[in-house]
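Shared between the two complexes below is subunit A, which pairs with subunit B and subunit C, respectively.
This part shows the complex of A and B:
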């Protein structure tokens, strides 16, 4: 249920007194609750409990130059309401500490440590405060502070490399894997503790592809930022690009034309279908069904060819833009879109029935890599991995953006949480996406597909959110002077979901790790930025 | 089993015949931009719009030097949108080259008082077409791989910090349509089995050591292929506190493959070029 700002303020004032300074309704669906100190715990308890809210993301901002303070932002969403409630808690510049929530809310474990590493604010009471976003051997630097220059040349790393926890016991040994993996995938380090075949404990080390993206956003004029957003995670270029554009459009009050909104829906769904098909093939390939993967590869190739026909790029790059989309579509393109979809739908049905016909494939996927719904809820798992474990969240439905409210669809949710269900969620989502695109393609493609964007006003904050094919993508920006940004926070769904992998592999055998990992298919680059 | 066979037979052969036949590319495809330096009156709007800084404008006194670096280009087409007829987007993508300098074009102009330029003085372009004769290259490669490399070329792929876009296209090289194994080329898990290392970038500080170790683990002779705008130059990320930029800041690079990401056929062209380099190195070793 949506709240009005004054109602909410009254409720919170009664409960928390002067700690709640004010509430700013930046937009109908984006409220800022301003606190007087950094102690977020009581209000978090209240929002999670009585409000049935979920903590979406946590991030920080260096406002020392303007206000002599750091801010931590805690973004909440309330079940059944399209509103984002963003709690802003100041962190004193002289005593840079804030109370950690990770012990109760493991979903913010890495995000709080990211604040520690990038801003030098200490998460007091964090159960595992070791470095995560900068590796252990980095010097003492805080790259997202304003007094740190993007181009700073750091000395050779001499610090101690990360020491993994030791797993001890009779017959227990540890297997280090990565950062360079056997296949053609992104880099990260996995340290398995095993006793015989079953995995006892998995330690992850990510951020190998950290390339200063959030800091770089502060240097680029916003129109260039769109291209950087497309490169946050190359397989989600349109989703990240759109999330970024939406944030800027909301900050600048740009009204995007209807035609562009519909085109965005079509493109976002194309991206989803394309990646889901690739994943379905990769999952069955990892249990030895190579022929099905070949068919999936063939279908994915047809889809990226369609992408190219619709946008000029196989990965939908160069299509997102602030104020709409870069190019319109002519009749011939729309015709190809629908014909290709008809062909694809038939072929995809064949692929699914081919997979269904293989008992041994089902046998390998069912009850493999189980993530139980209670665990998924505790860990704050979202996206495909969440929906296979009973977490019924989908930004397209919960915070309708682009033209999604006009094309209702079903969100598939399963409880069993195994690899099979994660594949099943993808299969059903492909069906829903085809239906969404068909309905969207019937709409009028007349009129403007892009409006001119005025100079972006400075000092505005805004959230942009998109349900990428992996799950919830959040971009938060504060605009600055001269069409630049002061801050751009990017949250890819992957950073929430890595702990799900740790949980899901326990008790499984090492040879099943690839298929479990693939069934989540998280983005390393999206996590590391 | 019957079902699998039935579907396979019904589907037939889907493998494309590139490079024996030209690649099937959509009319909408945005390849590299082409510049009519003679006609170009003002490079500043394009330089301003370019998201990766691939277009540079340097004024000194009465002269202006314009540089275009395909090593940064992400094929977005903004320069063409900003420059009228003098810049147009082509469908060209076979840009892989052995020499980084080949990707840079330079033009010198007289500068006008209103900031535009005229009277082209000089254009430098070293780009050689010999490298882009992919059909010939394909045939040659097949022969080389059969004769010299014992019918197999082994590639180790390393993501040294990429956004996963290049990986998506490298994976596509292995699908039934592009089917790189038809050349006897395959991707291997261990660098110790590899003749060629395919690196996507930018190289991050955190991946530098792993990249160097992977390279060192490969037996000689070996070739390095830098993939994509980021692998060549750092691309949109450039060089910063966490990124070392292009692969050649860390390893000696033999072949550069532009694109963002390069489409599978472009990757194939780059790999074929690298095979030529490898043969040279092999002969150098045995002689």
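This part shows the complex of A and C:
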């Protein structure tokens, strides 16, 4: 049920009067609602309630130079509609405060605190307003404000480190794990409070690899921004790259040729298959069923080799490009793609039946790390973790991009929310992805795969969204002069989903934590940026 | 007399030098079944050599227990190894004790290793030690019951005499009591050697470890002693299993020829057992930690049934 801008404006005006200043339809699926003040709460209640909307992401922008205000952006999506409703709420530069939504909507907990840390806007009424994105020992600086130069060198940090909540009680211990882990993974600190083996409470600390990526985007010419977008989270390089390109293309009004759209679908699905197979192997490996992992590793190797054959990069890097894709495919490559896919499908079936035949594996995975659907809804969990817990969201279907509207597919959704279902969602998605690629490969691969991109007009806003293999990836940009960006907001699905881990491990035993963590397999780099 | 000394020396050498080979063989076989090439079977020796040459990092909070535990663990493994007949029915240290001594010396070594894990005060060491003790609390009585079953048949708890009695009645292992006892000891073997489905010897996930978690703080010489000791313990338990239940090739004579023949039979039997262990490890996932005691309870009940059935059949 798509709305027209004028209809929506009438409705909101009646309800909220002068607080709703204007509604602008930047594109038919992207409306901007301008408020007169920073009080977002009434309109949020209304949108979530009457409109059955979901708050996708929250972020801020420093517009003091042009308009002498900060803006907070609240991106909503409506069930069954491809529209994004983006509410812009000004935050006064003299009194940098805005009302927090986190008490009612835990899904924006971290994102509101990011605004606090990066812009120095205070989230009033936030239940836990401590630092999150910048660690506690950072000095009082707000790196995403325009008056903070990218080249600033901060003095050695001296302040106090983060103090974890203490867990007290007879026989209650705290186990600190990380931030440096055994094995080649990224840094993150897990602080378990345990009574014997059962976990009472888990505290997470991320942002050890905060790199100021969003700030860096403001300094790069747009075409080089694509490469930066590709390295936000290495395993989702094409998804992030595509989300970024889509945002820029929408801002500039670039029409991407059909052939490129189909190639994007193929590449996005290749990325999904590749990572899902790796995850399936990693999950069974963590319960000690090593044989299946070895086979999964073998299949994944074949897939990254295929990636290399198709794009020159095992991780699909360097393929995303504004205005299309960077290289085309010849007939021989498409032939290899289909042949490899046939081989893979057969081998993958064998792998799945190997896992299914292992009772001891099923015993470990079933009812382990349960994330109840109500909790998942409250926390705003998305992607694979969400779909295993009854959250029926998929950007490919809900906001069709590239050529997805031409290849209908099934979105697997389960209610049980345990490790087994998260694995099952992956297994079924691999099947769907194979079918999408097959259908896409039958399409015509004639014509241009890339159009020249004119100079990007300044001061345009646009959102780009992609269903990465982890879940919903959002890039929001405001363009500036000289082919540069004023602001680029990146939302990796991991930032929504880390709190899910806290819920899912509760009541489980310590040795089951690794497999629960692996079943979400969240990105540290994508969270930290 | 000379031959007795020669046999004892041979047994000691096998324990010290061949035990790491069987660890290597198991590792390589597992890798092959996982479609990997895996390390060379002699890798374990190189690792030991490397560790012996390395310096040690000893936690500031550690006491003498931390330093003593590796020696106790290693020495008890050797002592137990010499109490069990290997190539002939004669065991060099059979004079010093039988089944009970074997079980308690193994427990003593494990107890000290658990203390060593606790001693540094690190959370993982404590985690590992508490898990190890939970498991061994049930594993020990299960093994005791099973071995008593065999001892009853031989009218002795001395392992040499038990082996001798077994040799004289070569089809005895088909008796229900023997089969039940064998199953019980096999489960204990899996648990004691830290193999799937009880523990995963190849994991890097410190949160899931049992044996490895206890020894996380150890390095250099101490770690080498523990790793070496663990591989000797593994061979000792495998020896106990094959020679108590299938004493083929064990000769009651103390000649060089008998010892040589015995050695060949012994290696063949242990190798067969190793293959069996590898198959179990490859086809199973690890049990959830809280279900490990259930598995060991099965071993305990099997042991009890074995003991009862000796009186019934």
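Definition applied: the second predicted complex is superposed on the first by the 529 of 529 C-alpha atoms of A that agree within 3 Å, B and C clash if a C-alpha of one lies under 4 Å from a C-alpha of the other, contacts with A are read in each partner's own complex, and residues count from 1 in each chain.
Heads up, the rule we're going with is that a contact is a pair of C-beta atoms (placed from the backbone, for glycine too) under 8 Å apart; a residue touches a chain by one contact, two chains touch by 3 or more.
Everything numeric in this text was worked out from a predicted model, so none of it was measured.
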Counting touched residues of subunit A, say whether subunit B or subunit C comes out ahead.
B
May I ask you to decide whether A:182 touches subunit B, subunit C, both, or neither, giving the answer as first, second, both or neither?
both
Touch check for A:234: first (subunit B), second (subunit C), both, or neither?
first
Once the shared chain is lined up, is A:209 touching subunit B (first), subunit C (second), both, or neither of them?
first
For A:305, decide between first (touching subunit B), second (touching subunit C), both and neither.
first
Based on the superposed arrangement, let me know which partner A:295 touches: subunit B (first), subunit C (second), both, or neither?
both
First, second, both or neither for A:317, with subunit B first and subunit C second
first
Quick check for you: in the superposed arrangement, does A:65 touch first (subunit B), second (subunit C), both or neither?
neither
Per the contact definition in the header, classify A:223: touching subunit B only (first), subunit C only (second), both, or neither.
first
Return first, second, both or neither, reflecting whether A:168 touches subunit B, subunit C, both chains, or no partner chain.
neither
Can you pull the subunit A residues that subunit B and subunit C both touch?
182-183, 291, 294-295, 298
Per the touch rule, the subunit A residues reaching subunit C in their complex are 173-177, 182-183, 196-197, 284, 286-291, 294-295, 298, 358, 360-361, 363-364, 368, 509-514
Would you mind writing out the residues of subunit A in touch with subunit B in their complex?
135, 138, 141, 143, 148-154, 157, 179-180, 182-187, 207-213, 215-216, 220, 223-224, 226-228, 231-235, 237, 278, 291, 294-295, 297-298, 300-301, 304-305, 308-315, 317-318, 333, 350, 353-354, 357, 523-525
Give the list of subunit C residues in touch with subunit A in this complex.
30, 33-36, 123-124, 126-127, 130, 196-197, 200, 202-208, 282-291
Inside the complex, what are the residues of subunit B that reach subunit A?
3-4, 7-8, 11, 14, 25-30, 49, 51-52, 74-77, 157-172, 174-178, 187, 189-191, 202, 204-207, 210-211, 214, 230, 235-243, 260-261, 263
